[in-house]
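Input: structures, listed below.
Each of the next two complexes has chain A plus one other chain: chain B in the first, chain C in the second.
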Partner chain A sequence: MTTLRLRMEPRPSPSALLMLGVPVLSALAALLLALVILTVTGAPLGQAVPLLVSGAAGSLFAVTETLTRATPLIFTGLAAAVAFRARLWNIGGEGQLYAGALAAVAVGGGAISAPPYLLVPLVMLAGAAAGALLLLGPVLLKTRLAVDEVVTTLLLNFVMLLFVQMMLEGPMQDPMGMGWPQSAPMVDEAALPKLVAQMRLHAGLILALAAAALVHVLIRRTALGLEMRAVGGNAAAARFAGISVPGTLIITGLFSGALAGLAGASEVAGLKGYLTTDLSPGFGYAGIVVAMLAQLNALAVVPAAIFIAAVFVGADSMSRTLAISNYFADLVVALALMCTLAGSLFLRYRLRLMRTPA
Partner chain B sequence: MALAPPLLRLRGIGMRFGDLIANDGIDLDVAAGEIVALLGENGAGKTTLMNILFGHYVADAGEIAIADEAGRLAPLTQGSPQAALAAGIGMVHQHFALAHNLSGLENIMLGTVPLFGLRLPRREVRARLKQLIAETGLAVDLDTPVRALSVGERQRIEILKALSRRARVLVLDEPTAVLAPLDAEHLFGAIRTLAARGLAVIFISHKLSEVLALAHRIVVLRHGRKVADLPAEGADRETLARHMIGHALERPEPTAPRAGPPVLELQGVTCGTGRDRLRDATLTLRGGEIVGIAGVSGNGQRGLAGILSGLERRESGRVLICGEPAGATARQMVARGVGRLTEDRHHDGIAGDLTVAENLILERTRSPQVQRHGLLRRRAIRAEAEAAIRAFDVRCPGPDAPIRLLSGGNIQKLLLARALHGHPRLILANQPTRGLDIGATGEVHRRLQEAAAGGAGVLLISEDLDELLALAHRIAVLHAGHLTPAIETARLDVQTIGLAMAGHAAGAFAPIEAAAS
Partner chain C sequence: MMEALEIIGQASFWAAAIRIAAPLIFGVLGALICERAGVLNLGIEGIFVAGAMTGWLTVSMGGDLWLGVAVAALVGAALGLLHGVFTVILGLSQHVTGLSITLLATSTAYFGYRVAFPSVTTPPVIEPFAPLNPAWLSAIPILGPALGQQTALVWLAFLCVAVTAFVLSRTPLGLALRAVGDNPAAVEAQGLSVTGLRMGALAAGSALMALGGAFLTLSAFNSFFFGMINGRGWVCIALTVFASWQPGKALLGALLFGAFDAYQVRLQTLAGSVVPTQIFLMLPYLLSILALVLAARRADYPRALMKPYIKGER
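Our next item is the complex of A and B:
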C-alpha cells in the first residue's frame, strides 16, 4: 500500500511568473478569507461583494477616491521597501508621516509667503526632511550602539503622535479653530493642485508615482542601491568588500524617512489642508503590508498600494450601506500580510506530492 | 568484515532533481562495526544519498533495509526522519543543528525527552551521557552553552546526541571540514572506539588521506554512480583519485620563487582580540614569492588576515604594502593592490541573493569602471562578469543568476576572479581551498601560483599542511598569536611544523594530513 505525502523542497530560483503570481494570489486569498469571515457575521455576500467592488472602482468618484487613498500608501510602501532592502526594519513610517505633515503645515501654514512654484516644493522638502530626521536617531542608535531599530522606530510613532497633539493644542493650534486641536490651514499657494475637477484626487499621486520610479532606479540601477542590497543581503560580506555598512544604513534611513515624511506632507498639502491627529488611519503601518505584498519591489508598490486602498475605500462604502463595521478593511490588510508571508514560502520552496510505501 | 551480515542495505537508490541525476542505482551495504567511507567530489551525490537514508528526501527508485534485533533485514519507511531515528540511524550534518543558547545537555535532551513532560529527566540523561563519554572518549562540557563551545566540541555534542538515541548506524557528513587537524585526530580516535563497540559508521569525505587513515572500506561515487567499492587496506591515493575524478591526480608542482621587491612588510604588528590576537608579528614577503602561514585556526590568523583585509586596526607596529604604509580600510587596501580571499566564503565572501555579476564587482562599487555619476554601467558590468566566468571557468547559469545557486567551488572561483582583478601585488589567500573538491582546489592552486609567477606576493594562510608544503616557498607558523620566522620549505619537514603548531607541546602531536601522506 502506498500513501500520498506532501513535501516541501527548496526551489532553486523562482520564475518571473511565480514572482508575480504569488503576491496576486496572496491578495486574492486574503480577500476570500475575509469574505468567509464576512459570511459569519451574517452579511449577505450577494450584496456585499458587488458593493465592495463598486465602492472601490465602480465610478469616477470611486476610482479617484481609491487613488487618493493609494497616494500616501505608495509613499509609506516605498519607505518600507527601501529600508527593508537594506534590512533596516523601519516600523516608524506612521511617526515619520506625522513629522512630515507637521513640518509641512509649519512651512505652508502662512509662515512663509511665496508663489506656489516655490512654496509647494518647499513644503514637500520640509516634510521629507522632517521624516528623514526622525528616522536618523534610531539609525544612529543602531549603527553606533546596536540598539534594535524595530523597538525605537515603533515607539517613536507614539512619541510623535503625542508631540503632534501637544503642538496642535499649543503653539500650532489654529487661532480661528474654535479650540479644536487642529493646525492653521495651509495657504492656497502651498496646496497641491487637484487632478480631476470636483474630486479629491491631487498631484500627490503624480509625486508618488515619480517617487516609485526614482526608488526603482535607485535600488536597481545605482551604485548606492547595489550597496544597500549588499548590506541587506549580507552585511559581513559588504563590510569585507569595503562598503561602509553604517554609512549605507544612514543613507537608507534618510531615504526611507523622507519618503514617509512625503506621505504626510502630501496628505496635508493635497487633501486635508490642515493637520489633525487623525490625519492617518495607520498609513505608516499599512505601508509595511504594501511593501511586503510588493516583494519590496518599488514598481510593484504602486499596484499593491492601489489594492490596499481599494480594499479600504470599498469596505468603507460597503460598511456604510450594510452596516458592517469598516474594520473589515483592517481585516483584509492584516490577512494580506499573513497571506503574503505564507506565500513567500512558495517562492523559496515547492510542494511535491509523492508516494511512499506505508 | 565483508563477510559479516549487513546491518544496513541500500539497493538501487535513484534520485533526480530536475535534469540533474544526483543518485543513479547506488547499492551500499554496511556491517556492524564497519567504518565505510563515502568518497566523492562535491556534487557526486554523497550527501543526497545520506539524506535519502535519513528520510530528508524520498528516493525516486530503490529500497533501504535495516536489520532488526534478530538480524533480519526489514524495509525502512522512506521519507521519514522519525522512522530512520527509530531504526537506529543517526546523522551528524556538516552544519550542526544545535540551539546556541542551550547547554550541550539540553541540546541532547531536545527531541529525545517528551515535549510535554512535567519534569526534565536531567539526572538520568546526564548519567547516561557521562557513561557514553567515558566509553567513547568524546569529552565535552555538558553544561556550557553551545555558543561558547568550539566547533570540535559542538560536533561531539552532535555525535553524543545521535548515540544517546541508540544509533546503530552513524552517518558523519564531512566531519573534518570544520575541524583543525588536532580535533580531527581526536574524532578519528572516537570513531575507531565506537566502531570497535559495534557501531556501523558511514563517513562522508572528499579528502583522500583521512579516508585512507580511517576507513575499513571505501565506496567512491562519481556523478551519482558508484564507481568503486574496495577495502581500504591496499588502496592508495592515486587509485582513489582516479576513481573519484575520472583521471589521474594532478599535484601542484612547486615553482621556483622569483624574489622581487618586498610587497608586504610587517614590523612588530599587534592587533585583534582574544583567540584572534596577533602579537608582535614580523614578516617580509617579496613579489613572486608564496609564503605559507601554518597553524591551527584561532591562533591569530584572523588578526593577521584582518590587518591585510583592512578590517582590523593595528595597535602597534608598522604594515607596509610595497614600501608604503598600508591603508586603514578595505577599500584602501584594495586600492593599494591587495587581493583578498576570505576564510569563510558564505559568511563574508558573498551576498547570496545578489547576482554573480554584482558579487564580482562588490569591492569596486564606486570605481569608474562600474558606475558613472552613481549609475551602474550595466553593460560593462555584464561584459566583465561574462569574461570572468569564462576565464575562471565558473559554472553558473549566467551573470544574472543569484550567486547562492552556485556550488562552493564555483563561488570560490568567482571570488578568486574578484580578488585577482587588476593584478594585485599582494594576495591574501586565507584558507583558500577549505571545503573545496579536488578539481576546484587544483584550479585555486594554479591561479595562486600563476599570480606569484607574475610577480605578486602570495600570503597563504592554511591549516592544510599538504597544501602549504606543495605551494609555499617559505613557511611561518602561528601559535597563540606569535609568528615564527618564515623558513624555506625545503628545510622543513612535517614534524618540525607540527611541533611549532603545537607551541612547545610534546612531539606526540602530528597533523593527520601529514601523517597519512
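Our next item is the complex of A and C:
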C-alpha cells in the first residue's frame, strides 16, 4: 500500500521562464477569479468583458488613459519594491504620495516664479523630498527605538490625509475656489507637458520610466543596491559583513519615500493642476500589489503597473455602461496580490508528488 | 479650563469612552491571540470591514441581531483560516498575506455592498442592540450610568477578556498556544500539532476581530458605510504591543484609548474654531504611534512571531 504525498523541495534559482510565467499566470488567474465572482452576481459577462477590454485598450484614448493611470502606480510600485528589497515594510506610500503632492503645489502654486526648465524640476524635487521626509520618521523610529514600521507607516497615511485636508481648508485653500477644499491651481510654468495632443497623458510617464531604469541600475549595479539586498536577505549576515544595517535602511527609506512623493508631485503637476483630498484612489496601497506582481524587480514594475492601471480604467468604463460597481477593480487588485503570493511558492519550491510506502 | 476638567466627571463621557473602546477590545484580543501563537495578522483592518458589513447585511435582510453577530464571527474565522493556509501551511510572508487579506476583505465587502444595494444613497438602517440598563448598576455614581448605557455586545467584549485571560494563562490549551508562538519545535516534540494550534488561533482571533467590526454596525451605529473602519484595525495592532500581549492590559489600553478619543471630541467643541478639527482627528493615530514608541523598548515579542514553522526544517 502506497500513499501519494505532496512534497515541497526548495528550488535554488528559478528559471527565467518561470520568473516571467508565474506573475503573468497570477494576474490572469486573478482576472478569471474576479470574472467568476462577476458571473455569480448575475452580471452579463458577454457585455462586461468586451467593455473591460475596450475601456482599457480599445482606442488611442483608452491606451493613453491606461498609461496616465499607470504613471503614479509605477512610482508607488517602485517605492514598495525598493523598500521591500531591504525588508523595510513601507506601507505608507499613500501618505507619502499626498506629502509629495502637497509640497508640489506649495512650490508650484505661484510662490516661486521661474521658467519651466527650473520650476518643473524644483516641483518634482520638492515632492520627492516631502515623501522622503515623511518616511524618515518611521525609519528612524525603527532603527533607533525598534518600533515596527508597518504600523507607524500605516497610521501616518491617515495623519497625512488629515493634514492635507487641514491645509486645503486653511492656509493653502484656493481663494478663488468658492470655499471648496482645494489648493490654488499650479502655475503653467510648473506643469509637466502633455505627451499626446488632446489626451491627458503627460511627461510624468517619462519620469516614471526613467525612475524604473534608475532604480534597476541602483539595485543591480551599485554597492548600495548590493547592501540593500544583503540587509533584506539576512540582516545579521549583512552586519557581520561590515554593512551598516541602520544606515542602509535609512537610505533605502529616503529612496522609497522620495519615489512615492514623486507619484503625488507628478499627479498634480501633470494631471490635476491642483490638489484635492481625492487625488489618489489608493495608489499607495496598489503600489504594493504592483511591486509584488513584479517580484520586486524594478523593470517589471512597469508592465505590472500598466496591468493594474488597465484593470482600473477598464472597470471604470465598464461601470459607466453596466450597473457594475467599480469596486470590481479593487477586487481584481486584491485577488492579484493573493494569486501572486500563492504563485511565488512555485518560484521558491518545486512541488513533487511522492509515492511513499505507508 | 474648569470645563475641560469637568468632562471627566460626566457619565456621558465615560459611556462614550467605553463605546469607543469596545471594538478595540475585540480587535486587540484577536490580534494578541494570533500573535501569541506566532502569527502577525495584518488582515485585521479588512476583517473589521468584513465583520461590520456581513453582520449588518444579515440583520438588514431580516436576521436576528445575534445571527448577525454569529455570521460576522464565522466570516472572520474563515478569513483567518485563509490567512493560515498562506502563512502557516505554506509558510508565506505574514506581512504580505495580511495586507492582501485586508485588501480582499475590504474590496469584497464594498463590492458586495454595491451588488446588494446598487444605487442607494442612504443605506438601509437596522434596529441595533439596545442598552441593557441593569437595575443594580444605577446605584453606582458616574460609572453606573456609563455602563448602563452599554449594549450586550460591550458586556460580551468584557467577557471575552476574562475568557481569553483564563484560557491563555490557566489551561493546557493556553500553554500550548503560548508555546507555539515562542518555540514551535518544542510543541511539536510534545506531540501537538503546530499547524493545528496556529490555525485555531487564527480562526478564533480573526472571529474576535470581526466582532469588533460587527459592534460598529450592530451596536455603535445602525448602518454600514464606506470608510467606517478608518484605521481602527491598525490601531489595534499598535495597542497589542502596548498591552504586552496580555488580555488584562489590552482592556486597559483600549479603555485608555477610548477615554482619550472621547475626551478629544469634547475638547473639540470647547476649543471652538480656534484649533482646526483635523488636529483633533489626528490625535488617535498619533497616540497609537506614541503608544507603540513607549512600548517598543520593553516589548517582549513572542519569539517565533513571523517565523513560519516547517516540519523538519530548522
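The definition used in the following text is that the second predicted complex is superposed on the first by the 346 of 358 C-alpha atoms of A that agree within 3 Å, B and C clash if a C-alpha of one lies under 4 Å from a C-alpha of the other, contacts with A are read in each partner's own complex, and residues count from 1 in each chain.
Just so it is clear, a residue touches a chain if its C-beta (ideal position, glycine included) is under 8 Å from a C-beta of that chain, and two chains touch if they have at least 3 such contacts.
As the structure is a computational prediction, the values presented were derived from the model and not from experiment.
By the touch criterion defined above, A:275 lies against neither chain B nor chain C after alignment on the C-alpha atoms of chain A. Judged by the touch definition given at the top, the superposed model places A:230 against chain B, while chain C stays out of reach. In the superposition on chain A, contact of A:83 is made with neither chain B nor chain C.
In the overlay built on the shared chain, the residue A:102 is in contact with neither chain B nor chain C.
By the touch criterion defined above, A:285 lies against chain C but remains apart from chain B after alignment on the C-alpha atoms of chain A. In the superposed model, C is the one of chain B and chain C that contacts more residues of chain A. Once chain A of one complex is fitted onto chain A of the other, the partner contacts of A:311 are absent, as it touches neither chain B nor chain C.
No residue of chain A lies in contact with both chain B in one complex and chain C in the other.
The residues of chain B lying in touch with chain A in their complex are 18, 58, 75, 77-80, 309-311, 329-331, 333-334, 340, 342, 347-354, 358, 362-363, 365-366, 370-371, 374-376, 378, 397, 401-402, 405. Of all the residues in chain A, the ones that touch chain C in their complex are 37, 41, 89, 91, 141, 145-148, 150-152, 154-159, 162-163, 165-166, 169-170, 285, 288-289, 292, 323, 325, 327-328, 330-331, 333-335, 337-338, 341-342, 344-345.
Interface residues of chain A facing chain B in the complex, by the touch rule stated above, are 5, 7, 12-13, 221-224, 226-227, 229-230, 233-234, 236-243, 354, 356-358.
Those residues of chain C whose C-beta lies close enough to touch chain A in the complex are 42, 86, 90, 92-93, 95-97, 99-100, 103-104, 106-108, 110-111, 114-115, 118-119, 230-231, 234-235, 237-238, 241, 276, 278-279, 281-282, 285-286, 288-289, 292-293, 296-297, 299.
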